[in-house]
Amino acid sequence: MFYNTENWIEKNEYKNNDFDLFNGYSTYETLRTYNKNLFAFSLHYERLRKSAMFLGLDIPKYEIMNEILNEGIKNQNCKEDVRIKILINKYTSKKKSFYAFIEPLIEIEELKESGVVLTISRERKPKNPVIPYYVKTTLNGYSMYLRQKYNAYYDAIILNEYGYVTEGTKSNIFMVTAGVITTPPISSGILPGVTRKVVIDLIESFNMDFEERNIEVWELLSADEIFLTHTSVGIIPVRRIVPNFTFNAPGITTETLMNYWKDFIINKNEYWE
Amino acid sequence: MFYNTENWIEKNEYKNNDFDLFNGYSTYETLRTYNKNLFAFSLHYERLRKSAMFLGLDIPKYEIMNEILNEGIKNQNCKEDVRIKILINKYTSKKKSFYAFIEPLIEIEELKESGVVLTISRERKPKNPVIPYYVKTTLNGYSMYLRQKYNAYYDAIILNEYGYVTEGTKSNIFMVTAGVITTPPISSGILPGVTRKVVIDLIESFNMDFEERNIEVWELLSADEIFLTHTSVGIIPVRRIVPNFTFNAPGITTETLMNYWKDFIINKNEYWE
Amino acid sequence: MFYNTENWIEKNEYKNNDFDLFNGYSTYETLRTYNKNLFAFSLHYERLRKSAMFLGLDIPKYEIMNEILNEGIKNQNCKEDVRIKILINKYTSKKKSFYAFIEPLIEIEELKESGVVLTISRERKPKNPVIPYYVKTTLNGYSMYLRQKYNAYYDAIILNEYGYVTEGTKSNIFMVTAGVITTPPISSGILPGVTRKVVIDLIESFNMDFEERNIEVWELLSADEIFLTHTSVGIIPVRRIVPNFTFNAPGITTETLMNYWKDFIINKNEYWE
Amino acid sequence: MFYNTENWIEKNEYKNNDFDLFNGYSTYETLRTYNKNLFAFSLHYERLRKSAMFLGLDIPKYEIMNEILNEGIKNQNCKEDVRIKILINKYTSKKKSFYAFIEPLIEIEELKESGVVLTISRERKPKNPVIPYYVKTTLNGYSMYLRQKYNAYYDAIILNEYGYVTEGTKSNIFMVTAGVITTPPISSGILPGVTRKVVIDLIESFNMDFEERNIEVWELLSADEIFLTHTSVGIIPVRRIVPNFTFNAPGITTETLMNYWKDFIINKNEYWE
């Protein structure tokens, strides 16, 4: 028997399965379109596949998901680009299916011009020897919690248990100091963001000075420029970290990357297959 | 637009809310009946209330939940006792409602007589400075993951990041050494189990020697007796921890507690209000 | 047989004891005089006593040490104040004796006026569950190592394993933000400095706003004023933390404390007993 | 001015140097002879060199140290083998010299036959990001402290901060389970023992099954055989870990290694150069 928000319902097929719908044992992805085309689906699918494998969940074949999503995007009949959330749990796993939620994407051009304001979370990122950082799962819900707690800011920077910079609750972070671009390594405890990867591709295509290494808080706070990357917006500059640390926004390096971003991704076939 | 396992569905009221249904941002409780009566609901409700408060979720009033659950148990019309899972997420929170799943409880008397076999998880319990241990939420999904991984055993003992004994994936743990009963403290990183609390009440009612303190692995492995506590079974003895550590099951202390368990709880009004 | 820097020496009483002279199994204290009088000896003696007790070392009685040190200071016949280092190891322990080294104290008035420059150590303070932080022993030699490594700066701030501010290699640290004075608690992993304690006495005598609590790096770097305390200099302002974080030096709060420092200590009998 | 155990001494050349003699800023090695010949000096010298380099200390050239030590051993005129302790601190560093202490080695054949009894230290090995584990220095004095604290046992096993097995206070540890020999890796936080290395050479010369990996406490306690290695004794079996975990001592694998030990080292030129 199952009580939902309305009533007690006699269910022939009572099982724990209903609990499985809601218990967060799931993996998910957030995607977007550019010019109505699904961006970097192969990278998202690959990450989804690894997460699902770790959790013992089945996902549909690449071609099937791709087709269904493209059909859904077309049906949406949107004037603008859209954001898509995909979720796989035990329930969809059994049916070799998935949930997808499509909604219009709100572009935030003015923020890209002025830069955003961040805070630093006082809560450290949990050190998790059970579920590896590369697994994008709602079983690791601290970032969902922190996003809500610090929603007065564009994002909150999370430090790991040793106090090194890791990522935001919904973004990866890069700093520029004396012309060198630096971002924390996967081993610092971050999710390997798809946009992060594409931005690194872009940086390397320009042969810019670039390092992946642990970043101390004081290094971040004395940087010349800081920018975030995440699926919905691509690259976005940071102008202030509260209380009083300010940065060029966009600085010259950040602006260069932002300017070349669209051209770069649109002309690379591998992001559109 | 929303794609579920069957098809794309045009929804008038599109929202992220559908994602909220599944994203694990929720708190839950598992309860049971004894003699068809809901056991220790006030203790479970109190824990649910604290968890929900931390997560910013609303829950129905005590009286309302109590009434609905009792009605549901009656409707179930079961010959045996039942197990009830309650879940509150953002969706139910908005409606001041909740999900409840009721199913027949399978008693496992033979295991209580022979004792169960445990393993020790190689994965350490994540140290989580974001979500406190007292919050029972699917946002902290490692125990769900470990329960599945080690399902060849009755339960898997999880050590904390320092290697101290904490709890099982679905139970609390007690050891008896030279007549002294010991269990890890809340500060070791455990969920404050309701049955754990009631067992401590029982131990104290007998004036038995009892300590809450950090337990080293070798202390556990050289104990005379070990038992687990969890809602579905109450108290259950451990006869072996793999590979080759054996224990009296049930030992004399464990057996005493098991024998007095039902009488103790049935005669204490506070567990039935 | 014992080979020292000159030669092999036949020793009648050969023993490991010679190794004990040098192996760092010792506790020590650094003291100073004001107006040729030994400052806060009772506080230093109390800390020495606790350290020695932990290490199982014997120290001479308070009155005997006090007398010997005062005699030594007199013999020194110095025009200026002196600094005294005391060391107790297994060798002196057996003889109920101690080593003491007296040297002229170089006052650094100009630094007190202009403030000093600090760096932040990239090495985290070791988390040491063997030897508690209150034990001042050469068995815990990381600060000696870091002092040498970062000797281009007045001192290096050490963070603990979680990235919180603790202390310098030879000093304790205070910050002032919006009028509130804050210093890390003993539990952050610091040695309870004698001057730190006396400065807290002074702050409390003025009823100034004061907190002992964990300090995040970004809180320190956005402070209005920072000052250090250590035996040789009392209170000293910080004007910069490299690379580019600057502070009022001395700020108004720091200057107030510096101005009242000598009067405060000279008039309090408990520091001269 | 300098007060030693006897009196105040006027020293012409007053310096902190006297404090440097005793402050534990030093590196050291323990060696032994077999058949009156210095064993594995090149391995000890290499480790000494690395430790000294980290600490910024100078050591004499290999040939000079070798010659002086051999001369000292000859002068000792001992009937039995000897143990030699070498120590380098800032004082000897300046003089390009060193301290050496030679003493007769007491062989403990009966313990090799019956096996020794160990305890497990309740104190975790400090995690030290300042001084790497390969540096053998009295600045890291916890093992000296623990050796004294647990001196009722032959040695105490130290766990690292995560609760994995590392080493004893004066020995490295090996376990044998189902014919596989396992020892903790350097990365678990151990000193790379010279005898440990030679034993691994011996194991590999026999093509025995061997692994270097993190060892959980319960793996150690359920092993078939355990043995220790350290310079003074070579290989020594463990018969019990308190309170009640027992092992074959010596087990068949341990006995094999013990039997071939002397032949193996004596016939390998690299240990005698």
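For clarity, chains are labelled A, B, C and D in written order, and residue numbers in each chain start from 1.
In this section, a residue touches a chain if its C-beta (ideal position, glycine included) is under 8 Å from a C-beta of that chain, and two chains touch if they have at least 3 such contacts.
Bear in mind that the values here come from a model prediction, so they are computed numbers and not experimental data.
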Type of chain C:chain D copy interface by residue overlap (half), same or different: same
Centre-of-Cα separation between chain D and chain A, whole angstrom: 50
Chain centre separation (chain A, chain B; CA means) in Å: 33
Multi-partner residues of chain A (each touching 2 or more other chains): 124, 161
Topology of the chain contact graph, where touching chains are joined (line, ring, star, complete, other): ring
All pairs of touching chains, each written as two labels joined by a dash: A-B, A-C, B-D, C-D
Interface residues, chain D side, partner chain C - complex: 1-5, 8, 14, 16, 18-19, 21-26, 28, 55-56, 68, 71-72, 75-76, 85, 87, 89, 91-92, 95, 97-103, 123-131, 137-142, 144-146, 148, 161
Chain B contact footprint on chain D (complex, rising order): 120, 122, 124, 159, 161-164, 216-218, 221-222, 241, 243-245
